[in-house]
Every structure is written in C-alpha cells, then in structure tokens.
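To keep things simple, chains are lettered A, B, C and D as they appear, and every chain counts its residues starting from 1.
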C-alpha cells in the first residue's frame, strides 16, 4: 500500500536560478531564490542538497553570507554527474533545494574574538560565506586575518571580491600561489608559508580552515605552532553526503555524521578520528 | 517485356535475422545471376568451442542465435548427453518438449507479426502499424511477452535460457509457477484466435515450386519435434546419425553459409516441411485451424510457410497446456534439480564418445554434433542450421520466380523476392557458423 | 515540443539476441517508441535513414575489416553511441576465437574455402571507436537497457555498477554457490543483472565483465580452497572476457 | 504484560488462523542449511529450528529498494513524499534479530526522524522465538548477551516440548492473542519448565570469544594500527555480503529514476555497502577508504565502537551471518580473538 506522507525529510523546495556567472573554466556561481521571497536562513559553513530532475542530488556548500537574505549563492565546480548538469542551467531554470543542513561555523562563539581565515583552492567557497558575514558584522569581531592560496592566479575564485577584501583597512589580507604568472605581484609558495608571519593572540583567535584534504595536516601544524588551542581551530570536511540527515552512512567519520555533526568541526573533535583528515 | 534487363541488388535484407543480400541479374530477358548472399561475419563457434567442457557446450552454442536460442540449447544438450552416454529422465524430456513449444510460439509469432505482416499490409515495418493497426501491434507484443514470461518462469529467460542444461534443469517450477504458466498460456488463447481470424484475411502470393521437404519423423503418435528419425517427402528415411548424408554441405564463394542438397538440387526444412510430413499428428485443434485456413498438404507454395507456422502455434499452445496440466497433476520430482559449477564434472559422469542432436526448431531441423574425450573435453563440433539447409532452396525458388514475374516493375520484383526470402524466416546469423567442412562437388 | 530523438539500432557479429530483448519487452516497447523515433532497425524494419543519428545502439563485436569501416562510419554519424550486449561491450563469447591462432581457426571451420572469409581478432566496440554508454550482459537485462536509454536521452552519464554480482545475489537470498560446493564468477563480475543466472540455479559466467578492482589474490585463495584447477577458472573467465587482453597492449 | 501457553496440537491451527487474518512471514528452508523469511500460510511451510536466515528481517523495515519521492520537472504540486508499507506479522524471529531491529529503531528514530522507516515499523508485528540450542560455530550471541529475550517484540514464543510458553509484551500482541482464542493461561509448572530451559541454556550459551563485550571498543582503539586489518584486506573480495546480511547495517544510496516520458520520475533508495568500491568516494574521485583493509576495519569499528560512542549500543547482535556468508572466510569471532591477543601483548 502506498501512503502519501505529509512531512518527509526529503521534500524539496523550488529554487529559481536568478543569475549565473562563470568564475573559472570549471567553476560557476549560481544565485538562487526560494519561492515567495522565503529566506534560506543558514549559518556560514552549512550546505544545501541541490536536485536536478532525473539527474539526482548533491550536497553543495552555500557561499553567500546569511546577511544576504533574499537569495543565496552556490559556487559549483563541474566534477560529477549532477554538477555537470547544473552548469547547463540558465537564469529562470529551477532546481530542487533541501536544507540548509549541518553545523556551520559557530559564529556566536567566535564573536568578540580575533579571526584567522585560511583558505586553499576551492576552500574559499564556504569561507566566503563566513568572511562576508564577518565583514557585514565587522564590529562583532576582533582582528581579522585572511590568508588565501591557490594553484595559479587565474584559479582564484571571486577575484573582484577578493580585491575589495584586500583593500579594506579592517582586514589583514595575504595571498599566495603555487605557480605565478608574469602579472602576479603577491607571494609564491604554499599557504603554510603565510602563517608564521601573522601576529596573533592564540587564546582569543579562532582559525577557520578550508581547503583540499592534503592541506589540513600542514596548516594545522602551523596553527598549533602558534599555540592556537585545538578547539579554536575550525575545519570543514568534504564527504559525499547522500541523505544529509545522518542516515545513509556515506559521510560517517567514526561516530560523527559529517552531514549532521559537521561539515564544520573543531580540530579537537576530530584530531583522533580515523580517516578524518 | 521479355527482353528487359533487371538488376536487383538488395544490400542488407531487412526484417530477417542476420545479414544477407539478394543479387539478381536479368539480361535481355535471360536470368544470368540469382543469388542469396549471406554476408554475416563468420563467428567460428565450432572452432572456438574446441577444448571446452561438454557442460559448456549448451551455454556457448545457444549464443549462436538469439531467436532460436532455446532450440540450440535443446539440440546441443541432446548431442552432449548422447556423447557422454547420459539418459535424461522422463520428467526432463517433458519439460524440454514444453520448452520447445514455447520457442516455437515465440519465434513464429515474431515472424508472422513483426516480419511478414508489414509486407502483407503494404508498409515497411510494424512501426507505421502502431498508428494504423494499434490493436494488432499490441496483440503481437502481448503474445510475444506471454510466451517470454512462460520461459522466464521455466528457464529464467527466453534468450539464452539459464536453467536448462546437460543432465536436466537447475531449477524446477514449483506448483505456483506451474499455475502461473498455465494461466499465461490459457490467457493467450483469445489472442491466438484473433491471429487466426487475421490470417484468414491475408492474401499470399500465388507461386509454387515442388521440392523435397525434410524433417523429423517418428513411428509414434507424437508430432515429432524433440526426437525422431530424419525423413523426407521423397521417401528418404534414416536415423539422426546419418545427418551428414542428408545435408551434404558444400561451400559457395558468395556466402559465409554453407549450402545443402539431398535427392534433388535442393531441399526445404521448417514449418511447411513439418506439416507436409506430419500433418496427421497435429493436435486436433491445430488441424481444425488448418482446415479453416484451407491448408492441404502437400503444400508447395513457400509463401505459405507463414500459414504453416500459425497452424503450428495452435499445436504448440494446446500441446503445451496438456503437458503442463499432466505435470501439475503428477507433480514434479524436485530431487532431479541439478547443480552446476566450475567443478561440474563431479555431478554427471563423463566418458569419451560422439553424439548427435537433431531437433525441430522453428525454422527447421537443427543438428549439433560433438566428439568428446574421456575428460569430457570437446574435440570437434559441428552445427547444421536450418537456414543453411534452406538457402539453396531459396535460390532455386528465386530462379523459378523471377522469370514468372518479369512483367512487373523492378520494385515489385524486389519486394516479391524479399518476401520470398522472409517467408522462410531465415536466421542468418545462425547460418553463418559451421564447422567440419566437407567440400562437396556434385 | 522538441522533435523526438532519432535512434538507430545496428548489429555486428552477434546473435541479435539483445535486439530481441528489446523487441520482447511487450507493450512497454510502445512506451519507448513514444519517447524516441526509431529510424533504422534492420532486424524488424525496412526503413532507411540518411541523416545523422541522435543515438546509435550497437550490438555485436567487431570481427572483420569491413566491420571496422562500418562502425567508424556509424560513429561519425552519431551524437551518442550505446554499446549493448556483451559482444559489443567486452567482446563476449566471440572473444573465445582469440584463444586460437586466426589462420588455424579459419581453416578449421571453412577448410580450403577459408580464403573467402576475412577475419581479424575479435574486438569490443569500445576497442575500435569511442563508446558513450555501456549496457553489458549476455543478453542485456531489459530494465538496465531502459535505464541507460533514459540516461542517454537526458544526456547524463550512466555508470555500470562497480560492485560484485554477489551484492544483488545476496539480496535475492540465493543459496551461495560456494556454500553448495560450487565455484561461481559472481565475486569478480560486475552487478546490474539482478543475479539473473544464480536466481535460476546456475552459476555466474562473468558475462558483464570484471569489477574494476578485483582482489585477484583473495579470489585465488578462495578458489584454491575449493580444490579447483586455476586453468579451469581462467578458461571460464575467458568465455566472455578474453578481449580484455587487447586493452593491455 | 501477561504470560500464556499454546499447546503444540493447536500450533498449526494458530498459524492457519493467523495467516487468514494477516500477512505472515516465517522462516522457510531454502536447502543447504539456508533459510529465508518468506510469506507462509501454514505451519508446515516453516522450519522453526533454523540458523539465521540469509537476509535478516530488516528487509521488512527498510526494503532493499524503496521509492520515497515522486516528482516532476515543475518541483511543484506534483511532488509527493511516499512510503510503501504493508501490515505484516513476522513469526519466529530469533533474539539476535530482535536486537538488530532494536538497533535500527534507534538509528531511524534519531532526529531528524525517518518517517519511511517509522511508518513501516508501525505496521510490523513481531513474534519472537527463543533459541533453545546453539545454532552453529559462527554465532556469538552469548558474548553479545542477545541469546535471551529482552523486549522489542509483541509476542515471544519459547518451545517447551509439548507447548509454547508465550510472553505477551505489547498491546498489539494482546490484540492478537485475544482475536485468536487458542491460548491458555500459564501455570506454575509452565514457568518452572521455562526456568529449567533457561538454566540449561546458561550452560551452553557461554561467551564464545572470551571477551566481555564492553571491552571490545577499547581493544579496537588500541589495535587500530594492527596488521590484522591488512590481513583482512588481503582476503576480502569486497563482495558486500557481510553488510547485506548484517541485521544492523542500514547504509543506503539514493538516486533518481525517470519515467519514459522523461518528465516525471521518482527518487529511490537502495541498500549500499561500505565494502563497495565507490562507497566513500567524493565528487572529485577521491575515496576515503580506498583500501579493502580500511573498509573491513570500518565495518568492525562501526559495529563495536562508533555506534557505541554515538548511541551507547553495540551494533553487533552476535548472529554470525557475516562470518557464515563470507567466502573469503573472514570470521568475526576469530578476528576479535586475534585482536585481543595482540592487545594483551
């Protein structure tokens, strides 16, 4: 017997693509609005499950700040079946949205403290949400350092926006690339090389680190050298969440479900976990 | 008209199984060339099966053909069991007869509805019929599906059956399976009746050519399909081991199929041949239908092979229902279920030997012949496919037909020839694999 | 409404059983025909099409030079190419020919007339031209065929399951062949057939090709425990999977 | 809660009546010492002395394949969240499998709740059956303390020779014993026989591994780097049998299936296994458990540590299915024993 459920965890909300913008060859930015001006009401660092009819669903980090209320943004890299299909979408097209899910950056806990943002490559995507949230609520936070790194200058996502951060006087900004091109004026080298130069008070500093899996180990080593307590080092982990509800098992890291208990964890939560980093 | 030139070159004959071309060349009213070229790529089944276990023979050789896969299965099993000296049980034989009926129904209906009917209704395929004769198309698909579903229950699937192997069956139908099969079969009766009504309205070309008809014959009252001797309308009779004397295979350069001949320049096998040989042994209901369709053996119009197939369908349906009802009544012995695996030869003892299988499959008599060593490894194999036996006969039919219709347009002649070839329901991918070449020049 | 995609069916060296699997779908076939325009299907249609195909569905292996030319032409004319059936996807039973020297097997079947019959080692379609979708199986499993066709029509990729037949077999609650003292190729063969053969009391013969990362050593240990000759297993594996050797070159 | 007895003579009658009113599933012999829960109509179709079925009764709570959302391109009114559920009675469920169902209940009732599972659970009546004897060398139910009834059923049957002792544990169970009047009140001598059985069982059902199960999480954490995991990886064929047959494995995969009109479709979920190649792969292609050894280790840790940390419950019931089904002969009891030896060193 087939019964229709009134509430299901899996019901989708209709999201309308308002604008799209090609960021790099592989990454594209989508601005999406929910019906009737509804707000997504997320925390920086959370994700949504995005569906395309017939293709499937995938978890995508939200890259806009919750302070932007009438729509939200997703920066999507073309890697899998769903993301390839997403890249075909045009303004006016609709997608299915469920979420936001997971634990984002604990912004209330971070308020009043100094913030250090460390982003590598595509890690800037969830961090952008946090950075813009902090900038929009600048008075609530202490000193802010932003360190970004990527392979080459043209891989830098949100270049124009990064420039505005760079120009702000209330933000310390530095950036590095693995391989420079002739126009590049910034640093060359790994992102870890930027950390020793930052002047910080470890006890009142929260570090938010997001990047490719290989980056975490080395960045965290540097942060610990700076005496930042493990519980103030925040990381966001990538796993393939299928359900987003702590059921399907795909994103399990020991006793945590990345989709419900993360994706943002403090380093002391996960440092001893098998295969977390 | 008699001095005209006709050049027909049908590349990749459609609505037949496999790749064949028709080449006709008439110069100033004289037939210079009239060939059915079999251009299917050879697949060398008889060659590549050497060195394999006799228990794999069925699995591999049934893949010679998708349409008559169950027929190959049964011929292959018969030859294999004959070679290693295994005698199947009564129950196994009944189930095999039943399976052969399903093969007959499925294959004949595919031929009648999807391959021949479009010609008679003047369209290039069944696709336009979806709009113009939707009910007929649905009935055809439904009938095919029905007999496929019966095969699914009995042997796992119709194409490349799973559970029918040397020694018997790996899975036997449970009582609820037998009920399900009976329901399907009985439920198809109205559709078969509707098919007969449709057949009454169809008009087949008027053409005859007397030839020798070859098929299985027997002394009992069973319409011989699975077992029997080889017999012909010219009076030849011999046991199945003499099959090579019957088929006399020879290779012609234009064809990857080998040709055959017997008492005359050519002979024919198939439903028409079987009815010409064994009409009296048909199920009474099938004979009724034969009478209603005005079918009076010996019939020498090859186009009427399609009608013969329909009569056989009725026979197969009714006899399979009777067989299943008997088995339901007596129940099956499930201890006969056999298991197979890589270590198969522990299950059934093997010895060196040579065995022949001769089975009436939809398109005619099919021979498989294996020689195995004392470990049950195949040393040589030979398969003679019905379509091969018919190719020569088709060419002689064409040679007689073309001069009779020279007053028609090229298109009409082409269509008449295509229809003639299709009437034989040729299975070309089957016919392109042979072995053990005996080059015969007569 | 956008026009229905033009789909054509082609066959090379094979038994045409996979085409029949499609024809055997019953009235569901009419639903499929509602979604596509079949423009060529030699086995059941006389219609011909002289333009490009949106989807070409190809059955059979490539076994002679003429076939190589033909498949290349089909590829050029097709936006999407689906290889279906083991003969097309992995070479299938036709690959057994490659166990023998070509000249020898030609002579063994056709004797003196062998010269009339051109032949090359059996290749899977994907070993000759680019293939976009694979539907393996001998014959194809119709639900999977429909699934792939839908993916092709929607322009999204389809991945043949990369886990063992055992997964599906277990869900069907079959008694494991190993428990019955028999060896079966299920543990190293790709799923997707719903363990069709084992459901019917037979073993898996490996018609869907091997999983991408089989534990060869582990499998050898298991086989050794059942006292089975490795050659026998190798031979069984080569029934469908012989052509994979051409990939190594 | 009350206790009743059912005389053996009335048992067949009871099952026939039960099967008239309900869809009854019971253990059916499939040959070769294999059993499976299948629909039954009569007692004769069942085999009550059975080793754990190939697939545990979880198949009735979370079907192998289930569609849970029907939708179309508009994302609008045509979207329906659905659950397919049939009222069922499961007869003859062993205590190990009841423990498995209890474990699944925890996962799916944890917030956010899974309504598909829960509405199906509501529809299932569980009639347990006590194991009087030990099933085989693969089981470790005594170690996991799952060899005695401990709730999680509606009725519980214990075979005591010429009668069954029947514990009525829930209202649902009570309704059934009321509607099928074949039961009698349990008397003192009946209780005595039950106690006798339990006393006999205390002697045969002894800790199979020689480890108090509470200690396993610690043993595992301390042998994380052990070479034993590599040995398992070398043997494992990654066929996924161990997880498919596990009564507490619940992982699933989700995908979309479009109808032939290419306009409507559904979202489905199907059992998945942490042993499968691709299970822990992320979009970029990186797999977090590429090695088979890491996957086997994940399985053991999930049963004996991760879920204990999360839900304070062991996710191994001791049914022995994973070892029984493994053609590579990866044995749970042997592995635990080896780990313990290494831990002791």
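The definition used in the following text is that a contact is a pair of C-beta atoms (placed from the backbone, for glycine too) under 8 Å apart; a residue touches a chain by one contact, two chains touch by 3 or more.
Fair warning: this is a prediction, and the values are worked out from it, not measured in the lab.
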Going by the contact rule set out at the top, which chains touch both chain B and chain D?
C
So which chain ends up closest to the centre of the protein, judged by Cα positions averaged per chain?
C
Of all chain pairs, the one with the most contacts is B-C
Which chain is most remote from chain A in terms of Cα centres?
B
Need the CA-centroid distance for the pair chain A / chain C, whole Å please.
43
Please work out the Cα centroid separation of chain C and chain D, and write it as a whole number of Å.
37
Could you grab the centroid distance between chain B and chain C? Build each centroid from C-alpha atoms only and quote it in angstrom.
25
What whole-Å value do you get for the distance between chain A and chain B if each is reduced to the mean of its CA atoms?
66
Among the residues of chain A, pick out those that touch two or more other chains and give their numbers.
54-55
Which chain D residues touch at least two other chains?
258, 262
Report the topology of the inter-chain touch graph, choosing from line, ring, star, complete and other.
other
With touch defined as at the top, which chains are paired up in contact here?
A-C, A-D, B-C, C-D
Partner chain A, residues of chain C touching it in the complex
150, 154-157
Can you list the chain C residues touching chain B in their complex?
11-21, 23-27, 29-30, 33, 38, 41-47, 63-64, 66-67, 92-94, 96-97, 99-100, 105-106, 108-113, 116-117, 119, 138-139, 177, 180-184, 196-197, 199-203, 205, 226-228, 232-233, 235-236, 239
Of all residues in chain B, those that touch chain C in their complex
12, 14-19, 40-44, 46-52, 56, 59-60, 63-67, 69, 110, 114-115, 118, 124-127, 130, 137-138, 141-142, 144-145, 148, 155-160, 162-163, 165, 169-171, 251, 253, 256, 337, 339-343, 429-430, 433-435, 437, 439
Help me check something: in the complex, which residues belonging to chain A touch chain C?
54-55, 81, 84-85
Chain A - residues contacting chain D, complex
1-14, 51, 53-58, 77, 79-80, 83, 94-96, 213, 238-240, 242-243, 245-250, 252, 254-255, 274-275
